[in-house]
Amino acid sequence: MSEEQNNCGMRPWQRKLHDVIFEAETPAGRLFDVLLLIAILASVLAVVLESVESVDERYHTQLRVAEWSFTIVFTIEYVLRLICVQRPWRYARSFFGVVDLLAILPSFLSLLIPGSHELAVIRGLRLLRVFRIFKLARYLGEAEALVEGLKASRAKITVFLTTVLISVTIMGALMHLVEGPENGFVDIPHGIYWAIVTMTTVGFGDLTPMTGPGKFIASVMMVFGYSLIIVPTGIISAEIAVGKSRQNNTEACPHCMKVGHDRKAEYCDRCVGAL
Amino acid sequence: MSEEQNNCGMRPWQRKLHDVIFEAETPAGRLFDVLLLIAILASVLAVVLESVESVDERYHTQLRVAEWSFTIVFTIEYVLRLICVQRPWRYARSFFGVVDLLAILPSFLSLLIPGSHELAVIRGLRLLRVFRIFKLARYLGEAEALVEGLKASRAKITVFLTTVLISVTIMGALMHLVEGPENGFVDIPHGIYWAIVTMTTVGFGDLTPMTGPGKFIASVMMVFGYSLIIVPTGIISAEIAVGKSRQNNTEACPHCMKVGHDRKAEYCDRCVGAL
Amino acid sequence: MSEEQNNCGMRPWQRKLHDVIFEAETPAGRLFDVLLLIAILASVLAVVLESVESVDERYHTQLRVAEWSFTIVFTIEYVLRLICVQRPWRYARSFFGVVDLLAILPSFLSLLIPGSHELAVIRGLRLLRVFRIFKLARYLGEAEALVEGLKASRAKITVFLTTVLISVTIMGALMHLVEGPENGFVDIPHGIYWAIVTMTTVGFGDLTPMTGPGKFIASVMMVFGYSLIIVPTGIISAEIAVGKSRQNNTEACPHCMKVGHDRKAEYCDRCVGAL
Amino acid sequence: MSEEQNNCGMRPWQRKLHDVIFEAETPAGRLFDVLLLIAILASVLAVVLESVESVDERYHTQLRVAEWSFTIVFTIEYVLRLICVQRPWRYARSFFGVVDLLAILPSFLSLLIPGSHELAVIRGLRLLRVFRIFKLARYLGEAEALVEGLKASRAKITVFLTTVLISVTIMGALMHLVEGPENGFVDIPHGIYWAIVTMTTVGFGDLTPMTGPGKFIASVMMVFGYSLIIVPTGIISAEIAVGKSRQNNTEACPHCMKVGHDRKAEYCDRCVGAL
């Protein structure tokens, strides 16, 4: 949306098309967004229903026709988007540009690899864009705030994921050694899979320790692995929350330099100077 | 309770009935609440016990009689509530008005659809109202504070739920594609069910990846899906907690009545009056 | 420990015994605590080992003798504790008094009900008292702080638990209705059990929805039930943490009344007056 | 790295070797780190692949050769590290010194105990050191901050773990008593294993309550056990996060060097000097 603020150098029809496709202020733009929302939901539903055998048996042709119709519509839409933005390449590499492309690729891919059209459910991600119809732009703002918070915690998250990966590899190898192939831990990758299932507390139970020592080691792992995952996650969450609540009001008083005023404050609460 | 502060225009008997049914200050009102509490617990217990075959075989008649007695009592109570409030329609649409109605409907519904009387356990929700007997009104205040906090985080929660729904749909389709019907992932809805079971870390284990690639993708999903659910939940929780602790030190400015000053503030940050 | 600060009115031997049993300052008191720690650990280990068939077959007599020896020792200790405190009844009703009694009861109970001696593992709770040997008194302080925090959140926790109980009852009835006895949901209590297993994200998988509608309802329950449990838990945790960090430094400056000084602060950081 | 700041008393070649092996500032030191990173990843991969039967069958000799090559390289590296640091004993006992030793031991151990070479995956821990190549030193700083936070919460964590251990022992004994060996709870250790699997919400489902009373007790345990683990974890996480955010604004007093002042403090609260 903001990527094309100054449309200088664009032809009038391009500008009009841009307003309809990228903006939601005009009635036409709003109608376009509502239709797009319906089309996305319908196309995802079509893909999901096609996978259900009982439904597919009855309505195979209709579903195929529907899916290809949506694919053609979305392809045209993608081309139009490319045409009416000033810097097509920049749009194509943006998050939504990539999603728009990924939304149409699977159908074409299915001509080569049968079944891959199911990946078209990635169209769902396009819904995030249509939020703006409902004046939910600030919801996207929220999402960006989350992403921002995660970025700020990137260092922590990298250390965290590396530690988790190293831990599950060591745990997987240990369980493979202790339990052995006869108890389902056929190789270290299976052990790693088990360790991840256990550490995330998912605990499918398709692979469980059978021997006494295995159960003992697994118990220790659960208690400590728990801390290994839950504690850092909690810390990161709390930090993002604290960071955001702090970041909301960081305007310094121009008189006494005190920061941390209430967002709606009009006067500094220390030196009484106007903000 | 507060819905009928000014009972002007009500007949004396209506006012009296209202005090008994809606208030808990008078001895009669208190007795009414205690009896209601017992009736609710007994009626839920009756429904639960009726579902247990060994109990039902022995006491079928008694339980049926009990359930219908409670239903009749609650129906009379509902009608009385409608009669003695000033604006019946407003009560009927309020949270507790709807719960009071839902508490009696299932029994009548069971005349048409056998078994549906079990939904009468929804009567349990009525217990929330009876909290006030034990002077637990402030507990309801707590509940309202929670609801308030959740409402304030509505934007975040909408983004969060939409993202979760989109993610599980994509994951479900991917697992259906990789694992296929022969491993239990018979269609995309089953894949979505699996993705939800996994992402919420419930992990029943009734559906698990069998193939190598499936296990690999599932492992990646677990580690990232984990972050997708736990981190935002943690953020929302922390924000509600922080928001509430901030809102707690709400001293109003004696001059302009603005609340929510910094705890250490010496001057109101809106009208510059000394606090 | 603190229950007997002023030992006036006690005979000298009572006072001495009290110092040995209840205090850890004297060498004798310290030795007593160390021996008690070993005895507790050994007695719990004996009970655990006795339950393991292969061990019990070999050492049955020894383990029985050991268990009864510990029971007799702990009984004598309990009687001595009662004798040497000034207000025996107050001790008997205190947390540790009850634990001390529960630690010896199961062995005697097993004379009536075979197998009940296993409950003697409750002796483990006595370990909490022995923390003080390692100068871990402040650890108990931590535990008390936790308990304090939980008490302060009692209102919230009551609302929370009531809501959870009502929710799982409604969910259990709904699943019993939808899935029916043929899929394992034989009655509403089984449905409630399933709902608790699911809502707490334990997810054993011994009972899972089999039908399409059941899986759909379960999916919705998981996503929302998740919020129902995780979000309030997160809020309570965050509040306790925030409350405790605040409670640590709430000494007001005697000069300017500013609160919230650093714990080690010697001077007020606003008016420079000595604290 | 920092352990050898003043290399006085070292021969020139030792100092050079030290710079290459322990530092990442020189081109040689950087190259060494990159090669080490690749070697670690490759050696872990070799061990993992060797455990996969289909891969091992084909490339058994190559994988064995690779593993022993890496072991020899890492052994030489370890010896060089010992030679070129000033205080070898101090290095050997440091965290990374122990990891470096553990990384080579399993291969030699496998000559005595077949299969134990799999423990060589512990080499993965060495990756934590190589972070510095990517100028990720501050990531290690993050890790240290986490460790610091955990250390500060040591008292809480000890109380927490002891309580958890006592709780699962009592729960395990109770379930063994109620369910009995015929339902899989063959002895108390199995009960403890079940209690840990349940309390951490992993819930494998390999061991589940079968009887009515067992299911009832398990339900109560799940709801309360949940609080027992999640609430303290949340508190510790929140405290670490809060503690860190407080510690972040650490401006030292220019007069007495005291750190950790209130953000809005104008005077040092120890020496009363202006900040």
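Residue numbering begins at 1 within each chain, and the chains themselves are lettered A, B, C and D in the order written.
Here, a contact is a pair of C-beta atoms (placed from the backbone, for glycine too) under 8 Å apart; a residue touches a chain by one contact, two chains touch by 3 or more.
Source: prediction; values computed, not measured.
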Proportion of interface numbers common to chain B and chain C (over half same, under half different): different
Chain pair equivalent in interface to A-D, over half of contacts matched, among B-D, A-C or A-B: A-B
Chain pair, B-D or C-D, that carries the greater number of C-beta contacts: C-D
Where chain B and chain D are represented by their mean Cα positions, the distance between them in whole Å: 41
Rounded Å distance between chain C and chain D, as computed from the means of their C-alpha atoms: 28
For chain A, residues contacting two or more additional chains: 189, 192, 201-205, 233-234, 237-238, 242, 260, 270
Residues of chain B defined as touching chain D within the complex: 201-205, 238, 264
In the complex with chain A, residue positions of chain B that touch it: 155-156, 158-159, 162-163, 165-166, 169-170, 172-174, 176-177, 181, 186-189, 192, 198, 201-205, 208, 212, 215-216, 218-219, 222-223, 226-227, 230-235, 237-239, 242-243, 246, 260-262, 265-272
For the chain A and chain B complex, residues of the former touching the latter: 44, 47-48, 51-53, 115-116, 118-119, 121-122, 124-125, 127-128, 131, 136, 138-140, 142-143, 146, 149-150, 161, 164, 189-190, 192-193, 196-197, 200-206, 229, 233-234, 236-238, 240-242, 244-245, 260-262, 264-270, 272, 275
